[in-house]
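Letters are used for the chains, namely A, B, C and D, taken in the order the chains are written, and counting of residues starts over at 1 for each.
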Amino acid sequence: MIGLLSHTLVGQTVQAPATGCQVTPGKVTGLCQAFNSLHIPVEYRTILPLLVLSIGALVLLVISAVLPKRSRPGLYPLLTVIISGLAAGASVFQWIDVGNHAATKAIGNQIFYDRFSVLFMLLISVATLFGALLSDSYLQREGLDGVEAYVLMLLASTGAMLMAASAGTIMLFLGLEIMSIALYVMTAYHRRRAASGEGGLKYFILGSFSSAIFLYGAALAYGATGTTQFDEMSVFLARTTLPNDGILLGGMALLIVGLGFKVAAVPFHFWSPDVYEAAPTPFTGYMAAVAKAAGFAGLFRVLLEGFHSQEANWRPAIWLIAVLTLLVGSVLAIAQRDLKRMMAYSSISQAGYVLIGLQSASSQGTAGALFYLLTYTFIIAGTFAVIGLVQGEGEARNDLGAIRGLGRRRPGLALVMLLFLLAQAGVPFTSGFLAKFYVIAAAVNRGQYALAIIGMLAAAIAAFFYLRVGLLMYSSPEVDETKEPTDGAALAGLRPIPGFDTPREPALSQGPGAVAASSDGDGAVALLAPPEGRVEIPFTVGITLAVCAAFTIFAGVSSPVLDFAKHATTYF
Amino acid sequence: MTVPGAWYLVLAAILFGIGATGLLVRRNVLIMFMCVELMLNAVSLTFVTFARMLNDIGGQASVFFILVVAAAEVVVGLGIIVAIFRRRPEATADDLHMLKG
Amino acid sequence: MNAAYIVLALPLAGALLLVFGGKRLGDPLAGWLATILSFGSFAAVLVTWLTLLGDNAAGNGRLIEKNIFTWLPVAGLHVNFALRIDPLSMTMALFVTGVGSLIHLYSIGYMRGDRDYPRFFFLLNLFLASMIVLVMANSYLFSFVGWEGVGFCSYGLVGFWFDRESAAVAAKKAFVTNRVGDFGFMVALFLMFNHFGSFNYSTVLGTASSGLLGGHATLNGTFATGLGLMIFLGAAGKSAQIPLYMWLPDAMEGPTPVSALIHAATMVTAGVYLVARSAPILHFSHSSQWVIACIGAATMFFAATIACAQNDIKRVLAYSTLSQLGYMFMAEGAGDYTSGLYHMINHAFFKALLFLGAGSVIHALHDEQDMKKMGALRKYLPITFPTFIIGYLALSGIPPFDGFWSKDDILASAYHMNFFLWLAGAVTAGLTAYYMSRQVALVWFGKARWSEARGDSAHAAVGNDPAAEGSTVAPGGTGTEEAAHAPHEGAHGEHSGRPHESPPVMTLPLIILAVLSTIGWLINANFGGFNHLEKFLEPVFPTAIAPAIHVATNTKWVLGIITTALAFIGLFAGLRTWRKVEVPALEPAFLAHGWYIDEALAATVSGPIESGADAMAYELDARGVDGAVNGVASLITGTGRQLRRVQTGYVRNYALGLAGGLAVILAYVAARVGGA
Amino acid sequence: MSTLSFPILTVAIFLPLLGAAVVVLLPQGRASLVRPVGLAFAVAELAVAGTIVAEFKAHDAGFQFVSQHAWLGQFGIGWKVGVDGISLFLVAMTAVLFPVAMYGPKLVGDAKSFMGWMLLLEAALIGTFLAMDLFLFFVLFEVTLVPGYFLIAGWGGFRRNYAAMKFFIYTFAGSAFLFVGILALVFLVAPLNGGRETFDLITLARYASHLPTSDQELIFAAMAVAFAVKMPVVPFHTWMPDAYTEAPTAGSMILAGLLFKLGTYGILRFGVYLLPKAAIDLAPVLLTLGAVGIVYGCIVAAVQKDLKRLVAYGSVADVGFIVLGVFAFTSQGISGSVFEMVNHGLTTGALFFLVGMLLDRRGTLRISELGGIQKSAPILAGVFIVVVMAAVGLPGLNGFVGEFLVLVGTFITHRWWAVVGTSGVILSAVYLLWAYQRVFQGRATGANEHVIDMTWREKAAIAPLIVGIVFLGVYPKPLLDRVTPAVSNLVAHVQYADPGFHIPSKGVGTVYAVPADQNVNGGQQTPTGVQTAAVTPGTGGTP
């Protein structure tokens, strides 16, 4: 199946005149000469990272077939890291190469070769790098180490890059499917966990349902505008005023629903909490970054590239979706007690902010959204890295109790986790704050005051559960029921901290009305004692955490990353 | 006499509707999966109709992509379904409700 | 010419020395240091007074201002701390420091053996300094600083024996009631600044040279009335007039020298000084003059009636002070500021004398304050008895002594203003004579009731932790001091059982004050043609502001004879009824309880305020506003829990959600078809 | 605008930051070193603040020691810091209060992270007072929340988690409006500023008054909400008693002493200075809230059962005075409110420190269980009564000067609010003295009999506050000389913005020159171009 896919890919596109085959890494040039009979111009440099990843996946498969079983456990993650590193390098080369001239279409004008797609390629390859680094120790611990996971990850990234660079709805659909199918299998990857299978199946059924809806939208759009290419579509729509734009708007709506599902916007978010909880932790981190980024790339291509002139029609719809996503995401996250599920809802809420950027439909809004996605990748990778470490063998302890008292057992790890939580809450001097600032600024610039305020209030609600986790880390490891606070129940399960306990009798502040906002639903849930023993931090995870933390602070304080995102939207 | 293009579109829309409701109503996972395939075919029909009406080859060509993707989906989907329902053959989609809340 | 600075510097230095070094100085030394400094300040005032008189010869309008430093330089507002030496401030300073020094001397004896001895003299010296600031300030604001400083010292001194609950409550009550008065004073300050742009007396009130009211010449009626009433509200707070008088009787909880100094001679007269100082303002609003006169008269009469029914020796004198202050305000209301001030000086002498005498009686009977347990003390206190009698005669207004001269002038000017005011004044003169004679009869004559009283009152344990509080609280809420501050009693050691004369350091001031109470007529007895005070104060109260009240001399003689007659009638009535045997409580309970005003006030005002505050704090704040905030939080978490149920876990429900979302968007799009 | 070569202000911000880093990185073994090192940095910061105060030229109304660096050029955001009369003494007070808070109260639990959070909080606070760039102000305004949260949650009382969470979320939600308000202002002003977006306070202030009035009022309202929550003004105050009561002694000293100044300083600098016309239009609303706050705060405080909660509610009343002063728009009113901010920091800081001492000695602060402590701890009672008298506003202590200036200033323009405000003088006496009487006077029973008096360490720690209280009360001239020019400049700026709004020039000889920087087409004028004629003193007595 995969072979078929890559063959069609390579076979169909590769036929470049001699000039096309400039100097590219060894593997490709050979094939290039062989098929120069077909006269379709192909510039490989436009899809270089994509090629690197897909061919890398093939190479990995071949090597695993050749080498004896269990020869060296660390080989595959190492190779994946090298491949994604190469892809990242390629996209940096592309960034310099694309310079600042306008977007050009390549590969039989199915691909947009501009800074927008290059930025996504960089983002996706970095996310893959982190995914590989985190999966290594996880898979060994769970006894699932094999080459399949890494191949799937590379192929999913290929699909994501394709989506980001697609110039037409069909190519977008193709990328969407390549990524989604790989993700379905990754979700169901953990054989021994029943939840993993269930999550995978749910994701599969709903994913295919939404792809069908997306495709139907593409068909209707094709019918209305006569083309599947975005630039031709916008030219057509700018030129003609359709007498009856029912089909066009229907198509647009369906496209929005299809891609809305992918980025888990409310009301299409139902799948994501279950899937995030089901999937193995490193894959969840990877999915949260890559799937969301690719989905938004698609949305931006469709709405800001294709339907730019129809702005008046789709902006109110996105406004409503954004508000729902912001509020429902935060509110539901408060009621959670499972760490991964809470992170799922929190990532839904974060998607709301990118929707704000989309809704303002300005180059500043897009730049804000890109910056948000870029910084979010680092933050979510770090967060899930810590969750992966804390949850222990067989993901036994996903509940909030797992992180309890981490501040005492591993102060460094706790500090890094605190940084990621505060970044997601949008506390200044972290990239999270600048991301929210950029997006809200774009909304305010377009006069969307209500949306801006709702966005910030959602951040306030979200801060509630981020800080609760933060505080849990610094609260006492021992859990004894006796010292349950009598008057005005303190926040669920947060006992006074022995390390920090002031030995005096509590300064009972009276007032009958002081009922604490106890967040747990069914009475004070007894949080289980945290797992004993030290939390070992493998080398690979250590690097990821360090890099993510450094980037989160660097992007939060200085402007280069901001300018990088700004340049990526020159052509809107 | 030539049947006007709109009829085909309506037929495709009906097919798509049937597929969607089928997925919502039926409990058996395989039936649900077949409904998705039905929806994809409805879309192919729409594409062909529009291609014919617009007299443009692009629409026809995209049908091939849809078929390819549908095939790929079938392979992977059935793989997962089999993996899960091997132990409990009579299970339906509703038995899978461990993840909730 | 910096004697003026010394006047203020000495007591301040004394206060600072005592607060830091007080503990080391110990029992008598701290007292002597404070007394010497206070006498030094008195001497400095004398020097300043003489130089002022000298200047007068040079004819520069008898006004000297001494600048200390700039206090508040804020854009338009510019306030300096500066002293103002003019006849009015000199008169006040003279008797304040004079009487103050005598009381310092007296306190050395009275307070011997007390645990917090240095703290007492620190507060006394600080009080003296604040009083000097109050009277010698050159601006309303600087005198306000002294005004509040005096309030704080009275708070400290009334609550000196803080371990007694009633003293602590009385101190708080005094301070808070004073603050109500200060509210009025502050509003007056704001009005002043808003209208004149400054607080200086010379700007606001104008000097003889610069014309009236800082060159404004006239003040419109309503503004003057408003300002005048606010100033009077401040004065009423400090001088315990009708609306704000309750704190003075309770302030008797403090040691007796405190009552003498603060609640008889100096602090309570601050209000009278302020009204006198603001004469030019009051000149333009007759209505406020009327208000002052009427309230003065009402307080005068009201307090006199209550005084007739008190059993505690100090509370009688307290209500008598209220009554005499009523006289002074009536005089100022009637426009006769000079006689008001003259009565103030006389009152300072004989009231201080009476209080100190009472103090020496209490001292002799080991803290016994209930007159029902005294009697026939004349044989045992040879010096206190005659001085007390002189004071008693002066207060009752018997001719040769001071009381008569000043009270008579006041009644004359009251008569000039309105007959009924004079009538009230005359009746009160009679009442005054009555209750004072009652007191003298009970304390000095009749049967010696203190002997069997000695047996039952709990003996104070020797040593300095206060004995269990004496439980005998005389009816009518007259808190007795009784065995509470026994410590200093222990110092005497001998328990002869028979009262003994106080040591010379206490009797000397009594003698001096007695002398002063007799020669008061020298100052301003216009019957005898002496009007030194009037001539001395002339530049402060020029005829333009306080037109001279000329009552025909013979009507003045007639009035004088009538009041003296009334006084003698009251005298004989009092002595006769109370002289012989102990008569059961003749006084109606109604008067004893101070017309039940205190209890009524507690029930109608502070009770509801208390529950209202409780309601506001717990219902409105804790449940209302805080409830709203917690409500929002639980609302959010509540919806969170409800929404969780929507996530059922069934794949088909999710697909339904997806389809529902699709339906909504399609409906929206359908609405937009053809639209924009 | 004197730009000192040596960026002393940036040093003032980064020094505590460096201190926090050093303290946190101290090796685990050397725990004993933590407090001395922390204290050293705090004292060093005090020295820096001292030099700033010393170097500050008294009669210069504009910003001094301004240092400016590019930061996020894309949005016109720059690192611009400067100090003027209004913010000078707030910085000085911060520098004084932190060493006292760190050194004075007894500390339980992990000293290392405590010192770290405290130094971080100090850096953020001083940065907020010095910020001249709206973005920098907002960022630091928000950053103070995190250390505040962890100080309460880590070392607080029994219901600390609830109180800390409420403190964070309430203020964080409030600042959402400030965030949107600032952005709206920046983007509305951009076209006037030649299309360039800028967050610089001076340029924004110049163009902001040219926006349509409705926009100005909306932006001001948004900012007012955020600052009202932070101050806290009455309806938004419910987080404050919980936060101050549950915080550890040092925490409540800083929270009550400094954190709520962000709100009042913010409304003055970024509300009134930026949008004077809107400030004038919305003044009645805030004045009413202020006056109500005074009365409400005192009454509710009077009936509290917990001494610390009582002192906390007292702050609501003091906020009322400051709000009254700010919205009086007269020199006296605003200098009074700036002075009151400094006062309140010292007085409430001392009060919470003393309450903390009581808590350490008796273990409980329920007033019903305390009584007659003066008997066994006279010095503690003596210092307590001095601070209580300062809070009540006894002349000769700092409270009176601030309160009097505020009330005089407010009386000129808004008479009846001032009268209601003056009632606060009585009510504050009631609740504080009643509390003092129940706690310190009366008969001592049970454990109250042997309460040990103040130790040398506590005396040394509280000494600077008491000296400050007395000195500012007796001789406030040096402070007022530096505050008044900046305030007069602000008042002239307000008066210029809305000629209709006439401020009667109170006092003889007050001359308000029209500030030169108001001519928009003029060059890059800076407010120091303003000449407020030196105020000729009234006809004070001449010896």
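Definition applied: a residue touches a chain if its C-beta (ideal position, glycine included) is under 8 Å from a C-beta of that chain, and two chains touch if they have at least 3 such contacts.
All values reported here derive from a predicted model rather than from experimental measurement.
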Centroid check, CA-based, most central chain -> D
Greatest Cα-centre separation from chain B belongs to chain C
Chain C to chain D, mean C-alpha position gap in Å, rounds to 37
Whole-Å distance, C-alpha centre of chain B to that of chain D, is 66
Distance in whole angstrom between the CA centres of chain B and chain C is 97
Expressed in whole Å, how far the mean CA point of chain A lies from that of chain C is 77
Multi-chain touching residues of chain C, meaning two or more other chains, are 618, 621, 626, 633, 644, 647, 649, 651, 655
Residue ranges of chain B touching at least 2 other chains are 20, 23, 32, 93, 96, 98-101
Among chain D residues, those touching two or more other chains are 166, 169, 304
Touching pairs of chains in this structure are A-B, A-C, A-D, B-C, C-D
Per the touch rule, the chain A residues reaching chain B in their complex are 1, 4-5, 8, 170, 173-174, 177, 181, 184-185, 188, 191, 194-195, 197-202, 204-205, 208-209, 211-213, 215-216, 218-220, 222-223, 226-228, 273-274, 277-278, 336, 341
Within the complex, chain D is touched by chain C residues 65-67, 69-78, 80, 82, 84, 138, 141, 144-145, 147-149, 152, 155, 159, 162-165, 167-169, 171-172, 175-176, 179-180, 182-183, 186-187, 189-191, 193-194, 197-198, 200, 202-203, 610, 612-614, 616-618, 621, 625-626, 628-629, 633
In their shared complex, chain A is touched by residues of chain B numbered 9, 16, 19-20, 23, 29, 32-33, 36, 39-40, 42-43, 46-47, 49-50, 53-54, 56, 58-59, 62, 65-66, 68-69, 72-73, 75-77, 79-81, 83-84, 93, 96, 98-101
So, in the complex, the side of chain D touching chain A is made of residues 71-75, 108-110, 138-140, 142-143, 145-146, 149-150, 153-155, 157-162, 164-166, 168-169, 172-173, 175-177, 179-180, 183-184, 187, 241-242, 245-246, 248, 304-306, 308-309, 359-360, 363-366
Given the complex, residues on chain A that touch chain D span 422, 427-429, 433-434, 437, 440-441, 444-445, 449, 452-453, 456-457, 459-461, 463-464, 467-468, 471, 474, 485, 488, 490-491, 494, 496-497, 499-510, 514, 516-517, 559, 562-563, 566
